[in-house]
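Note that the chains take the letters A, B and C in the order they are written out, and that residue 1 is the start of every chain.
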Amino acid sequence: MSKAAGCRGFLHHVFDYETAKTLVIPHFGVGIVFRFTQLLVVLYVVGYVCVVQKGYQETDSVISTVTTKVKGFAYTNTSDMDPRMWDVADYVIPPQGDSSFFILTNLVVTPEQTQSHCPEVSIRTGLCENFSTTVKTCEVFSWCPLEVDTRLPKKALLAAAENFTVLIKNSITYPKFNFHGRNILPHVNSSYLAHCEFNRLTDPDCPIFRLKRIISEAEADFQEMAVKGGILGILIDWSCDLDWWAGKCLPKYSFRRLDSQNQDNDVAPGYNFRFAKFYKRADGVEERTLIKAYGIRFEVIVFGTAGKFGIVPAIVNLGAALSFLSLVCKKKKYYIKSKSGDAQNLTVANIFIRCPLLQTGLC
Amino acid sequence: MSKAAGCRGFLHHVFDYETAKTLVIPHFGVGIVFRFTQLLVVLYVVGYVCVVQKGYQETDSVISTVTTKVKGFAYTNTSDMDPRMWDVADYVIPPQGDSSFFILTNLVVTPEQTQSHCPEVSIRTGLCENFSTTVKTCEVFSWCPLEVDTRLPKKALLAAAENFTVLIKNSITYPKFNFHGRNILPHVNSSYLAHCEFNRLTDPDCPIFRLKRIISEAEADFQEMAVKGGILGILIDWSCDLDWWAGKCLPKYSFRRLDSQNQDNDVAPGYNFRFAKFYKRADGVEERTLIKAYGIRFEVIVFGTAGKFGIVPAIVNLGAALSFLSLVCKKKKYYIKSKSGDAQNLTVANIFIRCPLLQTGLC
Amino acid sequence: MSKAAGCRGFLHHVFDYETAKTLVIPHFGVGIVFRFTQLLVVLYVVGYVCVVQKGYQETDSVISTVTTKVKGFAYTNTSDMDPRMWDVADYVIPPQGDSSFFILTNLVVTPEQTQSHCPEVSIRTGLCENFSTTVKTCEVFSWCPLEVDTRLPKKALLAAAENFTVLIKNSITYPKFNFHGRNILPHVNSSYLAHCEFNRLTDPDCPIFRLKRIISEAEADFQEMAVKGGILGILIDWSCDLDWWAGKCLPKYSFRRLDSQNQDNDVAPGYNFRFAKFYKRADGVEERTLIKAYGIRFEVIVFGTAGKFGIVPAIVNLGAALSFLSLVCKKKKYYIKSKSGDAQNLTVANIFIRCPLLQTGLC
């Protein structure tokens, strides 16, 4: 072939406009079924994929920072202990106001322990050193006297802790969308904050929570939880739709007991830990007060996914839906008799009419 | 029908090759428009979806561990307090070098508190116990003497803290891609680390940060923040492209003030908390020093998403783009006059030429 | 045109059923190739996208809470220190049983420090105050005597820590799927928990871990790590398939050393921090014991992604795959001779037979 002819062939190949020949079947019944099925699929695409599932959105995960501040006093006066007033420096551990904080509600105190020898409380462990024939247990070198942790009060010592309040300050950001939010909303001012208390009906925007209330919202009982301790989650959900047509992005609070409530398969039901206060005697001997602290650990857990319109996910979801729309047709063996207007001069005795996707053989 | 005929019919059905009949329209003008629109869509797919948005990639979220170590000394000598040298064991709370650490910059000290009775500082709360007629306030049982927290110094006591430095060690992993990274890069050796200081221009790889510098990068003033405290975020972004053709995966540092700078709607502007040091007197009475600590809490926040080529997202994005490419054609009512070569012997008076997707009726 | 004719034209447009005309080529060889290629693509879609990559699933990230409880005693008796028994209140920092906890294994103790003047240990820093001609170093005002941290024992003081055990309690939730899980499985009861110890072969469900074992699983040596400290990650992977046909959702434990093992480019290899215990002398002077604590920091890192069948991702992946299936055909210039049955009466001299997608010109 000459070059000119080859060139012209190439140009034809590139610049010819090709489109599929379609066969139009003017049959009202088939058409109704066809259009109705199309409508269902379009409703699915628009209604479910777009509106409900928001398939057209890009997403981002939340980055958060939380500070907490507990307020409240408790007075105790028992036979075991001197009268005592407890404030935040006594019962909040650790004191820094992190997202995770523990409030002491019950305890076993073993004061004036020193490094010395003393009889063990029992012979369970079988570790014996200087065994004494007159004493029925082993003698150990330890912080003495040993702790007797069966003396746990049956009613929480700091039962008054149920009336303590905690102020939670939470700042979040969605870096991909450059969105910043705070749980202390713009309309909340100092005078409101000085007196308010969170209440889902009357004060849903107040970031000060009374412990008794949030524990009951978690369907737990404060006094029952306070005896042997537990863990309460304060969940702040910042899932938002950040498109301009959606509403404001606000946090949603919920409360959930996080430790096991099934006491059967728990080594140490509840929540407790031991810590010590160290002192020095006048003679230079180190002394400590061992405290087995039971209480409620509060964990402020912030989570959330933000969505915003994104070209790529929109195209992907729409493209996938379009592929499915083209599935909507049925294999028919159709005999076309010559009808008015359309498709004249095409007399076919046995045309297999298939969906475009039947090229793939899927239908 | 006989079995043989049925069998042959089935074989024909399975092994016949079906493809759509297309009508070729050798019209240059239409062809130009058609190809140009195709080019736009291809540029979008390749340029935007692939290169910019990296739609072909699988993603994974970062798992991180951080340790910190502060260095620095401060000397104070005020009328309220004895001359004192402060080191890390005095001003870093907690001392363990976690990702979140507090540096004390200002404080109100109430020493030698014991559990006893004393007059309240004011009658705000209205909680009165043994009311004394000669004293104009109520008497309370508490840690006495009570704290007077209005005595906060107007200038930060540990103003020298601005020159402290913090070494941040950060290890990350992307488990899905089995990728591990550290912010202390391979080329950074001990001698460099012993003297360097982070500087975006001259020393961007040094993981030792001077507090004054990072707070000014966050567009805040150290001395102003140090009076009533605040929260500073040290953000480490490990978002990376892990494909072999992309560059190295390196961390990107940024600094942001996380607490509210709008003082109007804040109960307790800044950041502070109370803690106590407990002592025992010679007579066995427990004594404590209450400290209301103001300072800057630093939070090292590590985040990031890694992307790497994945077959599934590549197919999904490409497939969706292909569906859109096939949208590129227009509904035309076309009268074909007999032209050279193509489509001979097809004389049609009124062929509706539609895009493949017009079967769906969308165009 | 009259209204009736226009109306009828519209009705025809809406309710006519259009489908592509396909050309059936009864060629066995082409058919075989075509069907085989289709089979490959279908296998890819079903086998890889669906089964391996689970492309049809929606995903969610895990929200987790962890508590830990260490058990164990250690006895030390060195020339530097009095005989001492160490329990959890002595060596676990912080004591609250968080997901991140430090176990002291080695230390440098500087007791009885007070705020006073003393000679510096060296003249490295060059900070001199009252320089004395008879003393070859500078005098400083500091917590005196100064720490001499070169006296670190070459063998870990609390070498016995390798036999300590830690009970890890972990609750997780996938909020999108309302799934809750605990690492203490339902079949694990109190009596089992009282004595068991994690072992991958014999006791994979026991949540009590011996430190020596988990550090060796991380391919590290406890005694070597205990001298200068280190960081160990206890990773709990909750990645699960939550569909009803998948198995139970169980946690997978793994252990990894997180600090740098390459000692060359590390300012302070290992892991250590300084803290103090504060005392008051009889004369009211504040005294402290400075402890430079070396040890192993354990970080319980919980991560995971859950997948569950979702309509939207299923549609998207399937739709994309369908688009690719329709790519499976080849451009052919085909001359149809009149064959039996199909496509009678269509005599075409030069029909370009193209794939549906050839309208786009991609093939």
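Everything below uses one rule, namely that a contact is a pair of C-beta atoms (placed from the backbone, for glycine too) under 8 Å apart; a residue touches a chain by one contact, two chains touch by 3 or more.
Treat the numbers as computed from the prediction; the structure is a model and nothing was measured.
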Superposition rotation for chain A onto chain C, Cα-based, multiple of 5°: 120
Same-residue or different-residue interface between chain B and chain C, half as cut-off: different
Distance between chain centroids, defined by C-alpha means - chain B, chain C (Å): 17
For chain C, residues that touch 2 or more chains besides their own: 14, 18-22, 24, 35, 61, 94, 279, 282, 316-317, 319-320, 322-323, 329, 342, 352, 354-356, 358-359, 361
For the chain C and chain A complex, residues of the former touching the latter: 12, 14-22, 24, 35, 38, 61, 63, 65, 67, 69, 73, 75, 82-85, 87-90, 94-98, 167, 169, 171, 175, 182, 184, 186, 188-190, 193-194, 277, 279, 281-282, 287, 311-312, 315-320, 322-323, 325-326, 328-329, 341-346, 352, 354-356, 358-359, 361
Residues on chain A engaged by chain C in the complex (per definition of touch): 14, 18-28, 30-32, 34-35, 48-49, 53, 55, 61, 93-94, 100, 102, 115, 140-143, 231, 233, 235, 237, 258-260, 264-268, 271, 273-276, 278-280, 282, 288, 290, 297, 299, 301, 303, 316-317, 319-324, 327, 329, 346-362
